[in-house]
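See structure below.
Chain naming follows the written order as A, B, C and D, and within any one chain the residues start at number 1.
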Amino acid sequence: MSSTWGHTFRISTFGESHGGAIGVTVEGCPPRLALDAEAIQADLDRRRPGQSRLTTQRDEADRVRILSGTFEGRTLGTPIGMLIPNSDARPEAYEDLRDVYRPSHADYVTEAKYGIRNWQGGGRASARETAARVAGGAVARRLLAVACDVRVLAWVAQVHKIRSGADPATVTPEAVEASPTRCGDPEAAERMVAAIADARRRGDSLGGIVSCVARGVPAGLGEPVFDKLEADLAKALLSLPAARGFEIGSGFAAASMTGVEHNDPFVAGPDGRPRTLSNHSGGVQGGISNGEDIVVAVAFKPTATIAAEQRTVDRSGQEVALAARGRHDPCVLPRAVPIVEAMVCLVLADHWLRQRTVAVLDDA
Amino acid sequence: MSSTWGHTFRISTFGESHGGAIGVTVEGCPPRLALDAEAIQADLDRRRPGQSRLTTQRDEADRVRILSGTFEGRTLGTPIGMLIPNSDARPEAYEDLRDVYRPSHADYVTEAKYGIRNWQGGGRASARETAARVAGGAVARRLLAVACDVRVLAWVAQVHKIRSGADPATVTPEAVEASPTRCGDPEAAERMVAAIADARRRGDSLGGIVSCVARGVPAGLGEPVFDKLEADLAKALLSLPAARGFEIGSGFAAASMTGVEHNDPFVAGPDGRPRTLSNHSGGVQGGISNGEDIVVAVAFKPTATIAAEQRTVDRSGQEVALAARGRHDPCVLPRAVPIVEAMVCLVLADHWLRQRTVAVLDDA
Amino acid sequence: MSSTWGHTFRISTFGESHGGAIGVTVEGCPPRLALDAEAIQADLDRRRPGQSRLTTQRDEADRVRILSGTFEGRTLGTPIGMLIPNSDARPEAYEDLRDVYRPSHADYVTEAKYGIRNWQGGGRASARETAARVAGGAVARRLLAVACDVRVLAWVAQVHKIRSGADPATVTPEAVEASPTRCGDPEAAERMVAAIADARRRGDSLGGIVSCVARGVPAGLGEPVFDKLEADLAKALLSLPAARGFEIGSGFAAASMTGVEHNDPFVAGPDGRPRTLSNHSGGVQGGISNGEDIVVAVAFKPTATIAAEQRTVDRSGQEVALAARGRHDPCVLPRAVPIVEAMVCLVLADHWLRQRTVAVLDDA
Amino acid sequence: MSSTWGHTFRISTFGESHGGAIGVTVEGCPPRLALDAEAIQADLDRRRPGQSRLTTQRDEADRVRILSGTFEGRTLGTPIGMLIPNSDARPEAYEDLRDVYRPSHADYVTEAKYGIRNWQGGGRASARETAARVAGGAVARRLLAVACDVRVLAWVAQVHKIRSGADPATVTPEAVEASPTRCGDPEAAERMVAAIADARRRGDSLGGIVSCVARGVPAGLGEPVFDKLEADLAKALLSLPAARGFEIGSGFAAASMTGVEHNDPFVAGPDGRPRTLSNHSGGVQGGISNGEDIVVAVAFKPTATIAAEQRTVDRSGQEVALAARGRHDPCVLPRAVPIVEAMVCLVLADHWLRQRTVAVLDDA
């Protein structure tokens, strides 16, 4: 369903970019999980604008309030309602966009779909909606940590043509947070900062890639047909604004490989469970986790909002020239890191709970 | 849900690779659609093994039977039950795989998940399950053709390192079907045939890429948040066996681009509706179709079944050497073409029907 | 799903009886529907406590705020988030219920299910949750009115042993609202008022029946198998706190009838469409509306909270005596009227939208 | 969704009354459950026509075939596909109903909904569809027996005005099966047989009530809001052909009771867990099972097919007289018993599995 994610662990979001508030409801979270607003706020703070000169200067406090579903610091098993007020809405800044379709934005398609549009911002297509996902994902992250010690870590693997040298097998949260670029590679970070500053100066924007690893995922999560783990991860990450591509494990490189090169040989692990010598599978085989690290990547297009003048049309069909103003990121990648983590956490928490309904019978 | 696809136009599949039959139920197909088994069989014939020397010699007639949901050549609006008997099951051929986990297959994860496994074939993870999808997709294709003149066409864009020169804007069904490689480029086809034959000789296998274009999709299909059109397409295609990556429009190339390069300028179309000068968006903006061609690609890893000896472990945790036998494709790409089309048709038919519940009110 | 109702027109609620707020999100409402908070508030005002001496004196303003999904007085097609703050929470009033299970309340089962309980009120099982349903139902009611002129009206058909003489075929909103009993029958109203006052004096409570008619429902809504219209209505109404029984049309009386008595003969209607001479079917045949008035009834048990001393046990398993205090209704029936209407509106709006995906093809 | 039941344990059915076959797919059944076709056939044999002179003489063998989802006598955790061929379809018997709407059948509403109808029988609205439910319910029954020792037993509590004296607390499967009436009361059975024979002679039909008890249901199943256990039971039972009413526990009698009479006092059970002295709640409080017997009842209208001449209209709107022929039950109640049990088993198996995702955390 449009604004709902998940089968057993679910979130549902509402809210336009410039309205009273955005909100998220978490359904299906098990009871008795220790949870407070601070853990959620920490993830939100990594997403919000204005963290550094790299990102938009729009000042949103993004303070989350828990309205229901917890009691004395623990979850009740009932829906966790959370609200994030819109504290810095300035709809008048959008006044001159009332009748113009910004190129590669959702303005035109929103009117094509609904026949009406809130022109005071990006509506539901706005990146602001992702704050609600991050709040919901923080609950999923907490559940994964307590229930099965799964840890999810994303980083900026590429900005424009600059690649991070971070290694999925060893990259740490500390390394990622060491730079506002969140690329986990100090040398690349410096070049990325320069490239982003340059793009801002030119009124241009930059694309990039975020990679993500999930460590500690037990074997057996996922489903063999439509709800393959990689399928749900792909949907989760392609549902992010500006996402254009998804890879798991070897990804598109697999297309140029042979089976002899690509197959991951099994060996006996230290505890007798099978391990693989390589991880081209990215931790998932036939839709189901195999106990290795899950490694995915998502490609983001450059931000559509640029200062350079562009050709477009207005609602009456007239061709016009547009030069966007307002406060926007020349490169969303650093802020996308916690959002990617949130979506991966949501997928894994959901499948971890789903597996509780599979492994229920002793041999009967 | 695991074996069900779609929200309004839905298919549900069942069946192991070696059992009585595989089946598919189509729910939510509108009534009064002219439909007969021949149209469905035509798509199945493009998927089935044994079409040429390029593909596995396993002889499955793959004859579909419609058991319900039609009357006098038209749909009733009720579930369309279809059955495809397994005519060539030879479980004994798998006897020596009873206790061994084939590398990069689903054998191990199936046991990790369920604690039981039908070792007589690939179970639900088998590519045979995709026959049910193709049958369901054929109904979706028929609905799209009648209801809104949408045409979906896929082709093999790459086999190993050989790329097809087919152009998404102009490639035709006839060009695709002209060669058993289904690559739409006679010169590349020849080299692909040679490469596949060579891989077969070496007991190896090859990966590749299938591209797909959907023409005639009206603007307004899709949803702005989780059920973005590209998100559902990504899940649909990553749910296929051996899929490792997904792109829409510019895909991973977008990561290296700037906003000035990437944005698709709007111009007034011949009928006054906005058109874009370029199509880096791949026909979807903010999760919703914009009326341009939808262009996607999916990367497939090389077939996991190879003749070369491999390291692996058995159920008791002992390391063993494995040399697979049996009849399998050295390259699944040509047969993947109708399967990719089926999944894209399913996504579009579902979203086309969903949009029927959006555009219901005149200005009230 | 636990806190979500509907397939295409959906509401999702959150909130405990004594927490920050209760909320509801409406998903799937078509765009461009004229909607403001006043229309929703009007239904809420009919549900809220303190309307008359008949109902609890708890003073909840129940003021609804629309947080998203509308723009300039019209729906956007996006989720409509609504919030109703809890203005009068007095958790300390519940302090002595911290460890005691009130008979025929949800205290014990909540702990059996979740292993944790917010003892400061009834939690999710509280009737307060129904305020969120009424807010969502008000949107459904508005859609039905605009889209297909469907009107839904409920009334108190019975309080304890006193029956209303209101006739489903002719009862009017004005007649229902003429008395705080909402029974649509002045003579019965007087006796009901006396009976409720008497029960209050005795510290006892009374059950009753609410009936509901939906007029103007077009033929063709509903589904032939699991989602029969009467099945969804039954679930909707049995999901209300204290509901114990459901009937459509002839209901339990049908059990004692013969086919000759019960069948509804068809005659040609004034516009040539078939009408029925009787309406034992209650407007639904084989799960699908036939164009006649839909008539349903729901039985409510007497309120579980009574002042009289009762036997019960506490969390440690000790038997204790309990005499409830606090502010509660001796008879919920009058306040249940708008809630029943809300649920019926939600079911009909959902099925009306679902039918938009059925009737889409001309003969093709 | 129309032809799918359940959230975690799900069945999906297809098939018209007179077509190739009816079928059912069970999704979400845990792996390693011992299951064979005989257990399923046993329930089907109780439902099928022709068991005694009381029921229709239509000779349907109703032989079920398992097509997938089991291996060596155990479930695989994958979809269990089952087929029941239509062995006795005689569409020509319906030829003269091609253009006539039978009163209180689904003929007219089917055309109103779909604009097309398979007039060769009752289509999806036919009672034949319930064979698929019984097959799916047999799997649920088996899961409940193995997983938590829940036993579900239904019986005919009333035929026309004759009530069975069977007591929900003590009635046994043997007592129920002792008579073809399945009423569990030899004296009432004799009178029911005579009443049914008399109705058959007169070309008339009789309504009645089926009651059902579920024993051994652990406390904690169900959900507090929309998916209350009684709400899902109500939907399940109202989704049966000819069902007109539903009760749980005290049912409609609760409307005439006071809280002092109705509340179920808690006492300490033999193992320290709370038990109730009475069971007006019918085993469910606030939507969640409390560990007592779950007791429900469903009212069925008299069979719509009668031999007596009736007024009706045809497709052209002309009024005509109709005297039905063919082989139908004058009283469906005895055959409804296994169907009611099947639906109750489906609801309980689903909620038992759902609860596996709630009780997952130790105090963390």
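Operating definition for what follows: contacts are C-beta pairs under 8 Å (C-beta built on N, C-alpha and C of every residue); 3 or more make two chains touch, one makes a residue touch a chain.
This is a predicted model, so every value here is computed, not measured.
With respect to inter-chain C-beta contacts, which pair, A-D or A-B, contains the greater number?
A-B
Which chain's mean C-alpha position is the greatest distance from chain D's?
A
Would you mind pulling out the distance in Å between where the CA atoms of chain A average out and where those of chain B do?
Each chain's C-alpha centroid was found; their separation is 26 Å.
With chain centres defined as C-alpha means, what is the inter-centre distance between chain A and chain C in Å?
39
What whole-number Å value describes the gap between the mean CA coordinates of chain A and chain D?
45
Which chain D residues reach two or more other chains?
1-4, 13, 28, 31-32, 77-78, 113-115, 123-124, 224, 358-359
Touching residues of chain D toward chain B in the complex: what are they?
These residues of chain D touch chain B: 1-4, 10, 12-16, 19-23, 25, 27-28, 31-32, 65-69, 71, 74-81, 83, 113-118, 120, 123-124.
So in the complex, which bits of chain A are touching chain B?
Residues 1-5, 7, 13, 101, 103-106, 108-110, 112-115, 122-125, 129, 158, 160-161, 199, 204-209, 219-228, 230-239, 241, 243-252, 254-268, 272-274, 276-277, 280-282, 285-291, 299-306, 308, 310-313, 317-319, 355, 358-359 of chain A touch chain B in their complex.
Write out the stretch or stretches of chain C touching chain B in their complex.
Result: residues 8, 28, 30-34, 77-78, 146-147, 224, 353-354, 356-364 of chain C touch chain B.
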